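In the two complexes that follow, chain A is the common piece, with chain B as its partner first and chain C second.
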Partner chain A sequence: MAEHATDLLEVDGISLSFSGVKALDGVTFSVREGEVFAVIGPNGAGKSSLFNCISGVYRPQAGSVRFGGDELIGLKPHRVARKGIARTFQNVEVFPAMTVQENLLLARDGFMKAGPLSCMVRIGRSAREEREAVVAVQRYAEMLRIDHLLSAPVGSLPHGTQKRIELARALAMEPRLILLDEPVAGMNHDETSEMGEAIRTVNREVGVAILLVEHDMTMVMGISDRVCALDFGQRIALGTPAEVARDALVVNAYLGGAL
Partner chain B sequence: MTLFLQLGFQGIALGMVYALIALGFVIMTKGSNTFNFAHGEFVAVGAYVVLALMPHLPYWLAFLGSIVVTVALALLVEATLLRRLLDKGLTTVVLATLGVSIMVHALILMVWGVGTKGSAGPVGSGTVEVGGVVLPLSGIATIVASVIVLAALLVFFRRTPYGLALRATASHQEAALAQGIDIGRMFALSWAIAAVLAVVASIFLASFPRVVSPSIALVALAAIPAVVIGGMDSLIGAVVGGLIVGLIQVLGAGYLADYGGGKLHEVLPYVLMLLVLVVRPYGLFGSRGIERV
Partner chain C sequence: MTTTVSAPPTGSAPQPEVAPARRRRVRAGTIGLVAWLLGMVLVPWLGISDLWMGVGIFAIIAAVGALGIQVIMGFTGQISLGHSAFMAIGAYSSAWLGVEQEQPFWVWLPAAALVAGLAGALFAPIAVRIRGLYLAVGTIALVFIGAYVWETWTTVSGGAGGRLAAPVEINGQDLLDGYWSGGTQVMTLFQAWWYFAFAVLLVVMVLTWNIRRSRLGRSMLAVRDRDLAAGVVGIPVTQTKTVAFAISSAFAGVSGALLTAYMGYFTPGQWSLMLSIDFIAMVVIGGLGTITGAVLGAFFFRAVPEVVNWLSAYLPGISQDAKVDGGVTAPLLSQFVYGLLIVVILIFEPRGLNQLCRKPFRWIQQRREGAR
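And now, the complex of A and B:
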């Protein structure tokens, strides 16, 4: 499975410890082109550490992370982003003082190829770049039904909407992989199913692969192609949602061995 | 009334100069999480380089030359010192900028000596009379140029990708990184912008009736009360704070000349600064979160 021909992201035996405490212990899995892949696990299982290793925030002591065949370990976070990996954060990290459109424009790849002075006078290359960026941003905003809010400052909008804006911003980068860190954290039932729907739509219409970390099991099982379960930094199961849900180790990890 | 209008005009002109310097402080604070005490010396370097180039070049080329030198100095300090100290904490960085400030000051004394020099302004000592009020051309030039620079800055921050990227970096560094923004470049850009503003401010700070002297950096530091009064993280606050400080200084100098040996006006901005720190530590326009800085 790890050597699948269309593997986009290959996480191979990564280990990370913080002053002796093992956060990740030889975790291996791979995400295929265009699939929705979920990582589940109880609190402290190492899910966030895993994300931070992929996005370049942490540097694991062992193992490798390859994306489209290129090694990511050692790259700074902005370099990882430029390789085509977008991400959202557990606590929505939008830029509250900016409008929805500005948030999305910011993420455009190659948005800053023209120099700062030519951007000021808005001629030639920078004017063309901006027109193209505005059109693309409009498209992603429509996909996530925030196009009517483009000129609103993000800080004034409700939490659920901000989460969709963050997802739209990730899309605006036109990445090959989006990392979603607990996309439905703090959401009620309706917002959760709406978000699940949005993730599916994005995956279907754009064909971008999605790697998500989530607590909400119903959501994960409903939208994922494959699921990987972590416990104490180790992979304890990997398979289709149905397979993982039946796995004795997973049940045990979630219910603390009470059964 | 004529005196009041005359002083008010001069106060606004001086206030605009403080506003440009204060904006530099705020942009560096927001863009790279530092407070650069060497900024006053950047202003001094700007003025001295213009003065040194003026006899040899047309004025506008001397001005551009000074921008090149001052921006280069700012980028050098940012890249060699600040970027390396960032993870050592704010106090370390601030003390390092204080060290740089003293070094640059010494360098200026070594190169140009301790004496006062001529004016580095773009216009001379001429005046125009408008309805009985005598306005110096240098004041008019200061206000016109500052307004143009402020407008350009507004366009830059609101309408260009670089402006957006800088605002994103100031808002949340990790999220900015996730958008592919090289925040190291943004730190450098914020220092470069501050240096450009310092040079613009310097030629007007050294305009009639003032001249270039080693104490120009100290005068420039009156922008610090402007920053505190306006709010450490507010661009509008920097402009309003600058105008308040300029007006208090000039009106104070005009009306309170008989008290405190004619030096009272120099203290007033700092009195107001301390008052603001006690009553409203985040300034008139700052956000509350900035208090901990």
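And now, the complex of A and C:
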């Protein structure tokens, strides 16, 4: 995880409120190329809202989000995705009626150009692209060890496996940045360490930057380069895992929540 | 702290073996398909009466339209009640090209698809902004606008009295006269039309199958199941819905053109809301989101009322015509039994006839596996 000078994602003063509730309040930070950047904070701190603002699902009332220099605010989710940002959801968002392979193939859509008519007759470009996509998907399935499940309907698989499928799908988009919203939520100990390992592998081998939201502190401290803490929509700390763990405000936010 | 989900067994637990089961299902599917194709080719030579051949031809034509509903509703999850309006557009454009412009069917049939498809694409910008029931109601408007246009635009529609439809001419012979060669009739009108409609259905089935297994179909299913997640993985949601509307309308146009060409003559009154609802009923009974379901549903929808009607002649106490004392008549019984059948099927197997037909195969398969 070499140090990079360039900022890949710049989140600058974004604020979002839902009829009075301030979910995000002037949050600013940036993620460097290839780093693992974690966002922590108690329940309702605004972490998922932050992800939704970046991926174009919510539109913040103020602030800007730039990716590789381009403004993202105002873009539809699929435009953000095609700029190179993939994500997973806190409550797994897979397509249960489709097979694992089809779920992963969806992520290759950005690499395919065959138009509707070409798809309907399936000659030339359409057929070739579909074959290429199947090959590409195989690689990511192997990386996350779900390749033996490719023809299984996703809905029939256990939660932990679905989370891995979601990560594989994100990877298959060949993004420059992956947003992971609580990737080990609801997982048992073995699954958690397996997932942590997978995330590390992805970051190291593929070189993709990761923006991670997670409550599992062991995991956060273990794999992050830098950590940002949110509380009530505000950034209360930013630094290395060790620095943030010592931060009085962070300790207070967590203990305050527990008391 | 987190939303707790009951943790499933660990990854070290044996994973389901899926590959062999799938291969078997594919083979059963292939056998079924080949049997169906053979059956469809043989039907005209089995000495089936003209009445039943006619029912079959209507069913084949309906299946084309049902595949259109399958694309928009089954694949993309958008309820459209405007299907009959797009059928009408296909019917009128084909009739105008085939009669006034004297174009052959290989011009007017694709043109019907094109014009209806364009109309669908034009309507799409409105349709993609509304969801669910609102969309259903919004698409009803299309039927009413259509009805008004056909009633008033008499130069094209012939007004309430109706108009001639485009003829299907092969080697200069109108298919409605059967097919002749050297002074003898090779095929009757019903045999000839059966093959013609079946050929069109096969083409539309292949197109639909290709949609389903390409990026287009995957995008549609993604939009249907989770449009939020679809957007985030890079699927253009609005564009996908637009394309689905256009394709669905194009299939409706083909079905409308075929239907009227087979009838020879048609009136503005037949493009009713009820016709749209019929198509939705077909795909729901047949099985949403499957090609087989659309075809099964269309045949069920067209044939079952006729079968019940015919059977009732053999039942005691059922009169063929309405009587003054108001006894049970054949048409009345037919409607009742038909309605009852739909309810029973949907209770027994909500996924429709398609799954119902697969049940016995699955049962046999399970027994075989159990024996091993």
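Just so it is clear, the second predicted complex is superposed on the first by the 247 of 259 C-alpha atoms of A that agree within 3 Å, B and C clash if a C-alpha of one lies under 4 Å from a C-alpha of the other, contacts with A are read in each partner's own complex, and residues count from 1 in each chain.
What we mean here is this: contacts are C-beta pairs under 8 Å (C-beta built on N, C-alpha and C of every residue); 3 or more make two chains touch, one makes a residue touch a chain.
No experiment lies behind these values; they were computed from the predicted model shown.
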Room on chain A for both chain B and chain C (clash or fit) = clash
Query = Counting only touches as set out at the top, which of chain B and chain C does A:106 meet: first, second, both, neither?
reply = both
Task = Could you look at A:33 and tell me whether it touches chain B, chain C, both or neither (first, second, both, neither)?
result = neither
Request  = Based on the superposed arrangement, let me know which partner A:77 touches: chain B (first), chain C (second), both, or neither?
outcome  = both
Request  = Scan A:191 for contacts with chain B and chain C and give back first, second, both or neither.
outcome  = second
Ask   = For A:147, is the partner it touches chain B (first), chain C (second), both, or none of the two (neither)?
value = neither
Ask   = Among the partners chain B and chain C, which is in contact with a greater number of residues of chain A?
value = C
First, second, both or neither for A:55, with chain B first and chain C second = both
Request  = Check the residue A:97 against both partner chains and state whether it touches chain B (first), chain C (second), both, or neither.
outcome  = both
Query = Which of the two partners, first being chain B and second being chain C, lies in contact with A:86: first, second, both, or neither?
reply = both
Task = Pick out the stretch of chain C that clashes with chain B after the overlay, from 1-9, 19-27 or 271-279.
result = 271-279
Touching both chain B and chain C, residues of chain A = 55, 57, 76-78, 81-82, 86-87, 89, 93-98, 102, 105-107, 109, 112, 114, 116, 119-120, 122, 126, 169, 173
Query = Which residues, counting only chain B, touch chain A once they are in their complex?
reply = 152, 155-156, 159-162, 164-165, 167-168, 171-172, 174-175, 177-183, 189
Query = Which residues, counting only chain C, touch chain A once they are in their complex?
reply = 1-12, 15-16, 18-19, 22, 207, 210-211, 213-219, 221-222, 225-226, 228-238, 243, 246-247
Task = Flag every residue of chain A that touches chain B in the complex, lowest number first.
result = 55, 57, 76-78, 81-82, 86-87, 89, 93-98, 102, 105-107, 109, 111-112, 114, 116, 119-120, 122, 126, 169, 173
Request  = Note which residues of chain A are touching chain C in the complex, please.
outcome  = 42-43, 55-57, 76-78, 80-82, 86-87, 89-91, 93-98, 102, 105-110, 112, 114, 116, 119-122, 126, 129-130, 133, 148-149, 151-152, 156-161, 169-170, 173, 182, 185-188, 190-191, 194, 215
